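First subunit A sits with subunit B, and in the next complex the same chain sits with subunit C.
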Partner chain A sequence: MNIFIFGLVNSVILALIASGFALVYGVSRLANFAHGALYILVGFATWLFLNRLGINYIGSIFLSIVIVSIIGGAIYRFFLIRVKGMPASEIIASLSIGIAIMELFRWRGFIGEAYMLPPFVTGSVSIAGVMIDWQRLIIIGIGLAMMLSLWLFTHHTKVGLSLRAIAQDKRASMMSGIDPDRTAVIGLAMGSALAGVAAVVILPLGSITVETGYMVLTDAIAVCIIGGLGSWMGVLAGAFLLGFSQILATAFIGPHWQMVVVLLFIILTLILKPSGLLGRQKELEERV
Partner chain B sequence: MLYIKNLMVFYENALALNNVTFTCREGEITGVFGSNGAGKSTLMFTISGIILDIKKTEIMMGGERITILGEIQFGGKDIINIKPSERTRRGIVLCPERRRIFPESSTLENLKIGGYLATRQEAKKTLEYVFSLFPALKDLKKREGGFLSGGEQQMLAIGRALMAQPKLLLLDEPLMGLSPAIQSKLIQAVKEINEKTGITILIAEQYAQPIFPIIHYGYVMEKGTIVMAGTAKELTDNPHVKAAYLGA
Partner chain C sequence: MSLPTVAFVLGLLIIPLAVTSMAWQKIIIIACIFAFLALSFDFLAHFVGIVCLGGAFFTGVGGYISGLLNSAFGLPLVITIPIATIGGAVICTLFLLPCLPMRGIYFAIVSLMYPLLFARVIQALNIFGGTDGLPGLATFPNIWVELYLILPLILLLTFGLRRLVNEDFGMVLRAIKDNDQAVKASNINITWFKMKAVFLAAAIGCFSGAYLAHLYGWVGLSLFALDFSIFPIAATVVGGVGTLVGPVIGALILTLFSEMLREFGPLRVVFYSLILAGLVILNTGGLVPYLQRKYHQFERWTEI
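And then the complex of A and B:
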């Protein structure tokens, strides 16, 4: 039961982390390696608003998510747009921007365990004999709600449908009057906002460090590779597979195996089925 | 409606379109005929503006240098430098060669994407019209585009283009790879679209024969140049056209 509940929490965390990355890739076929940086950016921004500017918690969260989506859109509009269509350059450019953002925080002295966000609700409950804190239950709730709303958004709204259209055939979408650059800016802004949502619900579990950014990026890439880039069901499948494997490895082998499992899965997937469990991207092995 | 003057398109030094001048009159169906490599698709890409995106990609990838010269007037304005999505907004809608349906979206979603620029009311009205034009699509609403047959995809492609509220509809090889029975069905549908809605249509095809009955005016292209122009009857009676395109 322990394994089931914590596996579930871990899986939802991974799905949350990966959904922004997957959305951006799905829309603009762009592997956004600045994803982890945007994630911790929201963490630090929320912390700053909360503790330095004295804005209340909800306001801080809202403000930093808005800011990160503007930054995400701007990254595309001013940098990535120039290397669009060249996968290697896209990865190098976005990774450099990501590293620049993360190391900027380190340089400004954001080091150590001092940076923490308070949980939304303190305390814990017992479910079937397992003690679990409210924050983790909130993560499950928000994670599932976000998946559902993303699905509704991409299937039933004009903007959502156009995002999927661009992902499938850019030129055919242009013929329907969709502006691919504008849509990609929207996509990246939304992907960044998703990273932000993930950050504010997950970060209260621990402290905000620069290293978190690198780990989040690795996790997001792992989930997307295992599940298959460009597939929503793949993201869910990848998140659950990885989420439970990590918990099982922690329980039976040792906690330091968590990261090993991630990398092992990436390698196994690339060897056995490079397009991922449910992916349709044949050229994936060249891209990541 | 559409007036093209001295249009030239180069891929590096190869001339894809050579000094093309022609007109599509409002409310008429105009045909462009030519074999593979005659420049029909380049012409369609140039009118719809997709060539600008191809050019951009080529520049970025260090590929072929594409040069576009000349004039394309639509509704009295030169549009040669206007981006494709804006041209669609102004009413030039391309239904591309090989259909290019969104394979992972359902039939209905494909049509909705086509109606991206339309208002809710326009979209609803056009959707009803598309389903009345191609009743087969109505039963396939939920099926993914990639699982439709060639004929169904072509109907969907035309339907999707109609959803964008075109004033000028460009059809690039709509009959490609289809059986004669489906071909004649589609040709009837094209004729009906033109007669019922008054949409101006420019249609590019290799197989001239089935199209001749519905066009008002036609052009024959060879190696990027227009070599002949005339009404359907004039073209049909021409010995060169007879030999090259009608198999007589």
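And then the complex of A and C:
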């Protein structure tokens, strides 16, 4: 039971982290290496609004998510749009923008235990004999709600449908009057907002550090590779596979083995099924 | 030999004699290490079409192998550096092998992740000295050995790689970059060729890692630091992509620049990642292609 509940929490955390990355890659075939930077940007921004400017918690969360989605959209509109279609340049440009943001925080002295967000609800509750704090339950709730709303958004609204159309067939959707650049801006803004939601929900579990940004990036990429780049359900599948096996490894081998599990899964996925668990659409294209 | 070539060779050999202080000679050594990594990045990215963001992976593996051999078995550095170069390259190639048959961004993503993951694995499992690293390794006898081991090697590699990419082997590699399907249709095993190219690049990176380990007499997690991945790419973009001389010159310029900004501390990383982003987005050709163009214009003007 212990394993089940904490595995669920861990899986939802991974899915939350990876969904923003997967959304951006799915829409515009752009690997957004600034994902981790946007994640901690939200964390620090919320902390600043809360503690320096004295805005209340809900307000500062809302404000920082709005700001980060504008920043995400601006990164695409003003920088990445110029290197569109050159995968190498896209990766290098977004990675260096991300590193610049993260190292800027390190320079300003945002290091250490002092930067913590308070949990939404303090205290803990006992479910089937397992003590679990409310914040972890909220993570599961918000994670599942976000998956559901994302699904509804991409299947039943005009903007969401145009995002999927661009992801599936760029030319055909351009003929139907969908502007790929505007869609990509929306996609990146939404991806950043998702990173922001993940950040404000997950960060109260620990402190905000610059290293978290790098960890989030590697975790997001790991989940996407295992589940299949550009596949929506693949992210869920990858997150649950990785999340539960990390908790199993912690329970039966030792807490230090979490990273080895990630590494192992990536290598195994690349050898056995390079397109990932559920990545179908690019299978023929990726393998030369 | 043309004038620019002579200037490049002599310049590189004379720099250490021209600067007087020990501190600057050390800086030249660091610049050379980044030049090695930049050469390996440029070779992979612009002659094979593989974008490798894992310079730190190579330095880390090379450094740790040579450090372990030295501290555990007491082997002298004359033996550990070659073993680390070859053995490290084999290990790196094996780890990167699964993503070689794939096109697209897989190689870039995976090579970026490996150094971060390896550093965290070493930290978590507390193997190879854990977070403290392995201190007390053998160091070079004096600074002239350090300098004149690495400078001729830079020249050898620059001109060697330039020759290699025009040989038959290099022709296949460049063809893979341009049109891998056509190469495959010619019954050439492209994964095998890519593997050999990655081995070469990894050997260059592992050598600089092993060299770095013996330069400081210490091996630690900082060998997997992101600097070793991002700085060489910045150097390549500054110096000129696809020229092989450009990365060396770019590394020298950028290290000099970075030394001038020493007082800013961590902000230096911000500076060169912004430089990198700016140059990549503006798609400038780099310094060396610009100078080449000017030189040839000038030469033609005098001859006619």
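As a working rule, the second predicted complex is superposed on the first by the 280 of 288 C-alpha atoms of A that agree within 3 Å, B and C clash if a C-alpha of one lies under 4 Å from a C-alpha of the other, contacts with A are read in each partner's own complex, and residues count from 1 in each chain.
Keep this in mind: contacts are C-beta pairs under 8 Å (C-beta built on N, C-alpha and C of every residue); 3 or more make two chains touch, one makes a residue touch a chain.
All of these numbers come straight from a predicted model, not from anything done at the bench.
By the touch criterion defined above, A:52 lies against neither subunit B nor subunit C after alignment on the C-alpha atoms of chain A. The wider contact with subunit A, measured as residues touched, comes from C rather than the other of subunit B and subunit C.
In the superposition on chain A, A:179 makes contact with subunit B only, while subunit C stays out of contact range.
Once both structures are placed on chain A, subunit A residues 83 are touched by subunit B and, in the other complex, by subunit C.
Subunit B meets subunit A in the complex at residues 48-50, 53, 57, 60-61, 83-85, 88-89, 93-96, 100-105, 109, 112-117, 160-161, 163-164.
Residues 83-86, 155, 158, 161-162, 164-165, 168-180, 280 of subunit A touch subunit B in their complex.
Listed in rising order, the residues of subunit A touching subunit C in the complex are 31, 33, 79-80, 82-83, 87-89, 91-93, 95-97, 99-100, 103-104, 106-107, 214-215, 218, 221-222, 225, 256-260, 262-263, 266-267, 270-271, 274, 282, 285-288. Put simply, subunit C touches subunit A in their complex at residues 45, 51, 53, 95, 98-99, 101-106, 108-110, 112-113, 116-118, 120-121, 124-126, 180-181, 184, 190, 226, 230, 233-234, 237, 264-267, 269-270, 273-274, 276-277, 280-283.
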